[in-house]
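Take a look at the structures below.
In the two assemblies presented below, subunit A is common to both, partnered first by subunit B and then by subunit C.
Then we have the complex of A and B:
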């Protein structure tokens, strides 16, 4: 992959990275024929976000890494990778100074060097060069379809942030109640907190306040504000409208924004599962226990219903294609884990080491490469051959306890 | 018990929020006393040396509220005392302050989810001609009748000397600087209208003089009191309340009493003197 950006695009890219950094810890970079995709998933897998930068966004774009070794331009020369958010954030740290100094920016993923190279050409002939290490891996995918949502409304990002101002900054989750002619927001109060001790805030937004309002299903969804605030920070800086699509309680909400031709972004946020009737939840927990009792090392594909859906590298592509074509509705199963209230998203995730799946714990994925490295380095220590061998040597100081 | 009041005048709303904000910054919990004519905010800190309340603020209901209705505990004790956590209100107000101009603010005593609440219904303008309703339910505790006596109006005291304070902003900046030198300062007033503020440390002694102050009342030729600078500076931070005048009463070695006077409200601040000897 090789691309060239001008100063304004760099600023947008930097803002996008800042936004993603507030959501997840790892940045997935995926060059395609139609542009560059940056993605992240948060640690609890409750928020997935993807920025798509289209070709007109770049001055020059080539998704295939230059290949000097192999002759045939194979599909494999498109490098998809992920890297820690911290490292890329350090490059785009200050949006203000980027804006002032950078004239053009080149981002390359050369095949030979295995580095993500970012080069800023700044004013006064200064060139800044960043080499970032990455992990090569398939990118994550979330299964969703924009047309499958019952309710959709959109308005300016300014409008959303003004609304959220009414809530205290410590508010973590907000419940959105959709009605035919209004949206009602209230802060979600945890079961653990005494309701008679906390402030309840409610905001009512009339239909007229929205740019576009189309609610087909009256419902109530609750989700975290943290990610929404990150999205708003991006959208507000660029004065974009934000579309919101909702389905129902427990099913993810989709926020999306678009700048015609240049870029678009989608944010899929998991919502809380409502505990409306106790019987349903209890039966579900029993189911879960059963599922959890299944030995984790059994075939991964058996776990298709509980979240997260994990597929190894080999079959992930075919399955994801099939899902995208067949499922119109966002396909998120019921929460399998009764300890976490927030649903996880159904994601197709890459595995770093598909061959190691036989004895890997199901929960532990992908194995941190550090540990793998450690295992390799210390493998001699763990081998049986390391057993203390009787080495015949002269005893200078005999064991004083030994002689009776 | 019932209470509801509606404010529509932007100035009143601003002033009300300012006063409430001041209360919430000065104490952890705050008492709201509602009578048929006035609204009182009382902040009482347990560590107060004297028995009197630390802050006593009375608001004229007629000035602030365009609509007002209340029904007290009984016809004999036609009053309501309630207690709220200051931080909860401060949160609500911070949001209101940012959004700026509210069209109207309704305050009601409600019972939601089995606990009494002070409900703020704020009508915010949105866009060109829309409005948006924001409702905050702040949980409160009702103060039982037997504890009402703890929050009685402080008795009018007889000051040794009473003077009008100079511009609060000026005083505030000086007090802020003195705060860095020492914890305590001595306030000294004379019947000629001279107020001095003295800080003494081992290394330095600083005195600032404010003269030609209007003397309202004098019983003695001079009086002085040692007070805690932090508390004075906390209170002077509220100069934006824009009182018409601020009267400072000094009771020799016992008390410094600051009184914000305005048409619509009075705010009294009691600073107990410290006996350092």
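Then we have the complex of A and C:
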């Protein structure tokens, strides 16, 4: 890959990297025919973000890394890479100094060296070269359909940030309650916190304050503010409108922004499952029932629902991912209620598949109190005896006595 | 230290035991009979030395005395070996602040000017040169006067009236005295009628390295804009242990390289660029310097207008910073740093 950017584009790219740096720890760089895509996933896999820079954004763009040594067209490849956010952030760290001195920027992924080469041509003829080492290429992708969401509304990013100013800076999660003519935001209070000791904030946004408002499903959705703040920092600096698409509680929320023809970005954030569904209990029952439930799962994967499937492209067994999930399910660690309730975006690694809860029949229980919870989680440790499974198979080698 | 404002009323307070002694001393000087408790401000004169006083109740004093000393009546110490007077003490504090990366400094005063040296680990050295023309009065009675004192304390005293920038605010006037080996350095600062007297103890100085940077050994020399180099230095990758300077007669650039955790970063400054005033290089030069040792050069880079870099054949680099003070005077700061030698590669 080889591309050339001018001064304004470099600043936009730097801001995008700052935004992605607040979300995840590793940056995936994928050149395509249509431009460059930068992606990241956060550590808990509950936020996925992708920036797509289209061809007009660049002064010059070529997604193929040419084999310069031997001009062999079969050898030309498209290199995708992943590097730690820290290293690329150190290059684009100060937007002020980029603004002052950088005139053009060239980014190259040569075929023969495992380096990402960034070159800044600055004022006074000074040239800065950055040779960054990257990791082997593996790509991460989330599949989602923009049109599959029930509710959609959009407004300027400045409006969102002004709204969020009403919330205390320590607020971590906000509940968005959608109604036909308004959106009501309130800070989400954890069950463990004493309700009488915390400040509740509620903001109502009427329909006409939005540029575009289309709510089909009245629902309540709760997700983390940290990623949203990072998104708004980017969007506000570039004065863009932000679209928000929501399905229902437990389903991921999609934020997107776009600068016509130049670039667009999508952010998929996981939401908390509603209070009634105790995912700790449901995981256990899912273990038991999933093994019998292979056909419905494959039906779900054929739906055009907005439920995303994060998969590693390197592993092409995506069709059978549902099957994979069933066999891996028993290994799901039973995490405490208050952390597993943030509904992770499903990955090929064992994670809860949100759509499952609709199909399964399970007890609805309120989250048990702390002690009971601990006892429940560590129940195997507290059991007096272990279940000894009878293994009846031929003994090929008898136990040896003592060390030899 | 005793502070008073000679435009307002001045009170002398002594404790009863010393009272008689003080009265005897003061009787030898100018004594004016006046109403107890006050003395007209117009009678206050200029002071070159302040009396040491202690406390007493004012009512016991019938005559109120105002000691008046003129600069000629310097009472005790007549034998200053060094005396400096300047109208704007901010100049000297501006320069000395840039070299204050370590506390101990050695002052070397000759008829050619004042040289202050700060050294670290017998390797890195910063020298500030202030020529006599910048001072209003510069008297050196011996061939060479050397003493060592705590530079941080000196700067705090010089900035006792507030440490605003070189251009802003009022500037205090300075008088500095030194009486020779073993005596403290006396500093008198005056601003808007308020006078401060400080005495800073001197220490027997440790010999400093004398870098004999002969011009015959210099293989690379650059004169460039200080601001540009400062920007480059401030943005150097801090995860790198060392920084490498490279230039050669064949290449068109002066290259600064760092080797950090994320990768290798180069900054190329073309010889033809307008930030480089001149670049002379007789043979290829490429030496590495520890980044931590280079850090003291950033402050002088910030205040200087131009900087000259010279590298000799052993890799010793000498930065010379030119700082403009007042209208047509320049002060210089030198910075020496040895190259980082990889002992495994030594034969």
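Operating definition for what follows: the second predicted complex is superposed on the first by the 276 of 404 C-alpha atoms of A that agree within 3 Å, B and C clash if a C-alpha of one lies under 4 Å from a C-alpha of the other, contacts with A are read in each partner's own complex, and residues count from 1 in each chain.
Keep this in mind: contacts are C-beta pairs under 8 Å (C-beta built on N, C-alpha and C of every residue); 3 or more make two chains touch, one makes a residue touch a chain.
Just so we're clear, the structure is a prediction, and the values are computed from it rather than from any experiment.
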| item | value |
| --- | --- |
| Overlay on subunit A: subunit C relative to subunit B, clash or fit | fit |
| Subunit B versus subunit C as contact partner of A:124, first or second or both or neither | second |
| Contacts of A:198 with subunit B and subunit C, given as first, second, both or neither | first |
| First (subunit B), second (subunit C), both or neither touched by A:132 | second |
| First, second, both or neither for A:168, with subunit B first and subunit C second | first |
| Subunit B versus subunit C as contact partner of A:209, first or second or both or neither | first |
| First (subunit B), second (subunit C), both or neither touched by A:146 | neither |
| Overlay on chain A, subunit C to subunit B nearest C-alpha distance, Å | 8 |
| Residues of subunit A that touch subunit C when the two form their complex | 83-84, 86-88, 90, 94, 97, 101, 115, 124-133 |
| Residues of subunit A that touch subunit B when the two form their complex | 159, 162-163, 165-168, 170, 195-206, 208-209 |
| Residue ranges of subunit C in contact with subunit A within the complex | 228, 231-232, 235, 237, 239, 253, 260-270, 272-275 |
| In the complex with subunit A, residue positions of subunit B that touch it | 88, 91-92, 94-95, 98-99, 112-115, 117, 124, 126-127, 130, 132-139 |
